[in-house]
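You will see chain A twice below: alongside chain B first, and alongside chain C after that.
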Partner chain A sequence: MTRQALRKVSLAAAAAIILGIPVFVTSPTYLHILVLLFFYAYLTTSWNLVGGFAGVLPLGHSTFIGIGAYTSTILYLQYGISPWIGMIVGGFLATIVGVLIGLPTFKLRGAYFALATIAFAEAVRVIVENTDYLGPFKLNGPRGLQIPPLNVGFGNLLFNTKQPYYYIVVLMLFGVIALTYLVSRSKLGYYLNAGGEEPEAAMALGVNVARCKLMAMAMSSFLTALAGTFYAQFTLFIHPKSIISLDLSFEIAFIALIGGRGSIVGPLLGALLLRPVSDFSRIYLGAVLPGLHLIIFGIILILVMMFQPRGLHQPLARLYNWLIDRLIVERTVKLSPTKE
Partner chain B sequence: MLYVLEDLINGILMGSIYGLTALGLTVIFGVLKVINFAHGSMLMVGMYLAYWSVKLTGVHPYLAMIVVVPVMFLFGFYLQDIVIKPIFKAERSVREPITVIIVTTGVWYILDNLTLLVFGPQYRNLPNNPLAGKMLEIGGLMLSVPKLWGFFLAIAVACALYWFLQKTRLGRAIRATSLDRDAASLMGIKQFRIYNITVGIGAALAGLAGVALVPFFNIFPTVGVLFDIKGFIIVVLGGLGSIWGALLGGIIVGVIESVGPQFMAATWTEAIVYGLFLVFLFVKPSGLFGVKYDW
Partner chain C sequence: MRILEAKRLSMRFGGLLAVDQLDLQIDEGQIFGLIGPNGAGKTTAFNCIAGVYQATSGEIFLHGESTSGQRPWDLCRKGLARTFQVVKPFATKTVLYNVAVGGFARTSVRARAEEKALEVLESLHLAEKKDALAGNLTIGERKRLEIARALATEPRLLLLDEVMAGLRPTEVDEMVRILKRLRDGGITIFLIEHIMRAVMSLSDRIVVIQYGKKIAEGTPREIASDENVIKAYLGEEYGAA
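Now for the complex of A and B:
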């Protein structure tokens, strides 16, 4: 078996295990946690398209989650339009917003872009929190919107059990990982990489760095908004403090950065490794030692940046390659006596 | 009309204190080219330091400066020396290392939540505060005394900082490093020593702002976040890296927040401040006093 084939087998095995989990895990509580885990993995992977490849630091991605969630929910509640259509509409709205933020700031130094995304997200939160009706659309201010769990079915993206949500979020995650892979292999991916590492050199070679970053931003904001719709349909309740919060934006960015920005599976690894740590420390220590999980998070953040500035992805990838090498070596050793 | 004038003056007073909170941010950005996300947390630590020195010794709130400034300077100095420097060295070729921004955020999380863990989430006020709610009446205008002192402090600190950067040898070295760190190193300036001192100064300025706030502001673990986001807006309005820009940006934000509620719901003034920030990014991204070519 060649190295390439072994990689493919292990990838297929991982996908099969992820798809097979709901067969064994039937407890709604654990499935809920798993859905949120993959939801985070989806968000960090979408974030990575712009935050990782383009070499900038967007810190306001919760805006796009909010846009996605509010668009589909308003369309569904007020006009009875299926959330699947609302999802796409929200995605395009988020794309427009993302491009509008990027347009003036991608030509400036990175700090401006980071600050602009923060300010924009906060502005959106303040506006949503203080608006009951935006024209004909009911935002319901700080009280948020509730989706009644009626008319359950695939068309309305509403289900009584957790399994369908699980499969939807997993398929979304697979989709975004495949897209990331394609982008990283495309011309755009190489342009982005060049623009992120050495903007002057890339521009001198005729790469329109700002335009490539805008394209990455457009993709990332579109995908993030889709997750917003999913979240609204999954929790059936959205309110500005929880989904357009700075905390969420920062969490997405930092999980992706700890995992490894610019790599394909790094942000996914970050979510799979860090979310359980933060969940469990919050559940078991939150009452006794408030804020401990964020202290742990901060310490991990600093240590990773000090010793693995490219994220945890690198040592793990080395370990993975080493394991694959070992497997191949063992096979050849086993084969040699039979040949004799 | 008198109310508007009163709000305007109070806005200028509060705004100059906002400017003071943003000074450290702008100084650190000017030299290290890094946004210090831990700035608000440093301000919060400064407030707690001031609170405890007043509570334990019973001195006048502003005398807490004697403790706060050196402690915060050392904190910033060693934070840069121990935590940030290795990362700068690892990413020497990168002009504006994102990793350093991330590390400052880690420091923010740790400081805020450590404070929460140790002192609890409750709001605190200075005990037997001689300035509590004190007002000064000038021709029918009511002005808050602690804010007036804060205003004078902000102006004095900005002038002192300007003098230090323009006239002293160390100040010139700092400015040289901020303009071109490689050229400065070639002239025999020790880059990382300057970085240590700069972050020290930034932290000390955050501490000073904390002292100015303590007599009239609640003290709680996440108080820094309020000033963090405001600080970012202020430094972009004024121009990243500019001292007078930070002061003026602070005053603009303070006036909008103070006069705005006369004309609209108070929460909308917040949205206007963010809107102004975004307009500035589109129209004049270098801010009011920003240097055109770089920051």
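Now for the complex of A and C:
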């Protein structure tokens, strides 16, 4: 077996395990936790397209989640339009907003860009919290919107059990990871990396850095909004605090930083580590001190940044490669025992 | 054939006139040297030509076409490439990746960009380093990587900003050989350089600037005996001697 084949087999095995989990885990509570885990992995992978490859640190992605969630929910509640269609509409709306945010802010460097995106996201939250009706659309201010659990079925992206949600979010995650993989090997991926690392050098090599970042932002905001719709249909209740809050934006950035910004599976690794920490600290320590999970997050983040500044992806990738090498070596030794 | 022409090029930063009414004519196939004391405005002139700065006044023509309003990436597509005095490798990426970024200027297919990158790396004796991280290279290798990236964009005109600074004498000799080979391959080279031995042996023509103004132009032999140049480099009293 070649190295490449071995990698493919191990990837397929990982995918099969993830897809097979609901067969063994039937408890709705655990499935709920797992759905949210993969939901965050999806969000962070989408964020990574711009936050990882383009070398900027957007901290306002909750805006796009909110746009996705509110668009599909309003279309469904007021006009009876399937959330699947609302999802796409929300995606395009978020793309427009993302590009509009990107146009002025991509000129800012480092922390200033991060601050600008925070300011924008907070402005959006405050506006939504104080708006009951936006034209004909009912936002319902801070009380949020509730989706009645009626007319369940695939067409309405509404289910009585957790399993369908699980499969949908996992397939979305696989899709976005595949897309990230393709982008990272494309001209756009090379240009984003180059522009993120040394913009002047990249420009001299023919890279229109600002345009590449906008393209990444457009993709990222589109994909992020899709997750918003999913979240609305999964929890059946959205309100500005839950879906446009900075906590959400920060958590995405935390997961990315810990997993490994700019790597393909880093966001998934980060979510696998941090989500259980977050959920269990909330369950068991939530009564002790509200927000304790964020403190724990912070401590983990500091530790990872001290010992693995480029995220957990790097040591794990090394381990993975080492394992694959070991397997290959063992095989070749077995095939040619006389060579010693 | 004239490849680059600057007419009364000036660049002002607030109260500082960094480049003052500079005229340049560079013919295709030449190696053209730009020298001058520190702070003379050489790199600023480069940055105007490469589209990093928009000149305060004056005009630049590439292949007879005005470049005003064009940004660095536009000019790169038109066959102008440059290196940076302070090297700017994509440090966390491999050497091959670095050069492939340049290769993408002429193709959208990764395999072709990498093929071009490998070809350039071979010609600059960097091929065996292709999988090394650019951040781990020696300074000599980094300077060659800068050139490799620029070459991968398939330029007609190559602006080199002090590619020999910090190199050991043997490395300078190698660089001189490389540049001569590039010129023979049809690339026009415009270089800023402080290592006189190299500039004098390489250049077909040299322009000397001081305080942003051209003070001399000619063949290396003419420049070496020019009184203004000697004064600029060694001070007034030497000029009188």
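As a working rule, the second predicted complex is superposed on the first by the 327 of 340 C-alpha atoms of A that agree within 3 Å, B and C clash if a C-alpha of one lies under 4 Å from a C-alpha of the other, contacts with A are read in each partner's own complex, and residues count from 1 in each chain.
What we mean here is this: contacts are C-beta pairs under 8 Å (C-beta built on N, C-alpha and C of every residue); 3 or more make two chains touch, one makes a residue touch a chain.
Fair warning: this is a prediction, and the values are worked out from it, not measured in the lab.
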item	value
Contacts of A:84 with chain B and chain C, given as first, second, both or neither	neither
Contacts of A:320 with chain B and chain C, given as first, second, both or neither	neither
Which of chain B and chain C A:187 touches, first, second, both or neither	second
Touching partner for A:116 - first (chain B), second (chain C), both, neither	first
Touched partner set for A:92, first chain B, second chain C, both or neither	neither
Partner chain(s) touched by A:237 [first = chain B, second = chain C, both, neither]	neither
Chain B or chain C, by number of chain A residues touched	B
A:208 touches, of chain B and chain C: first, second, both or neither?	second
Residue ranges of chain C in contact with chain A within the complex	50, 52, 71-73, 76-77, 81-82, 84, 88-93, 97, 100-102, 104-105, 108, 110, 113, 149-150, 152-153
Residues of chain A defined as touching chain C within the complex	185-187, 190-191, 193-194, 197-198, 200-208
In the complex, chain B residues that touch chain A	29, 33-35, 83, 86-87, 90-91, 96, 98-99, 101-103, 105-110, 112-114, 116-117, 121, 221, 225, 229, 232-233, 236, 240, 265, 267-268, 270-271, 274-275, 277-278, 281-282, 285, 294-295
Complex contact set, residues of chain A against chain B	55, 57, 104-105, 108-112, 114-116, 118-120, 122-123, 126-127, 129-130, 246, 250, 254, 257, 289-292, 294-295, 297-302, 305-306, 309
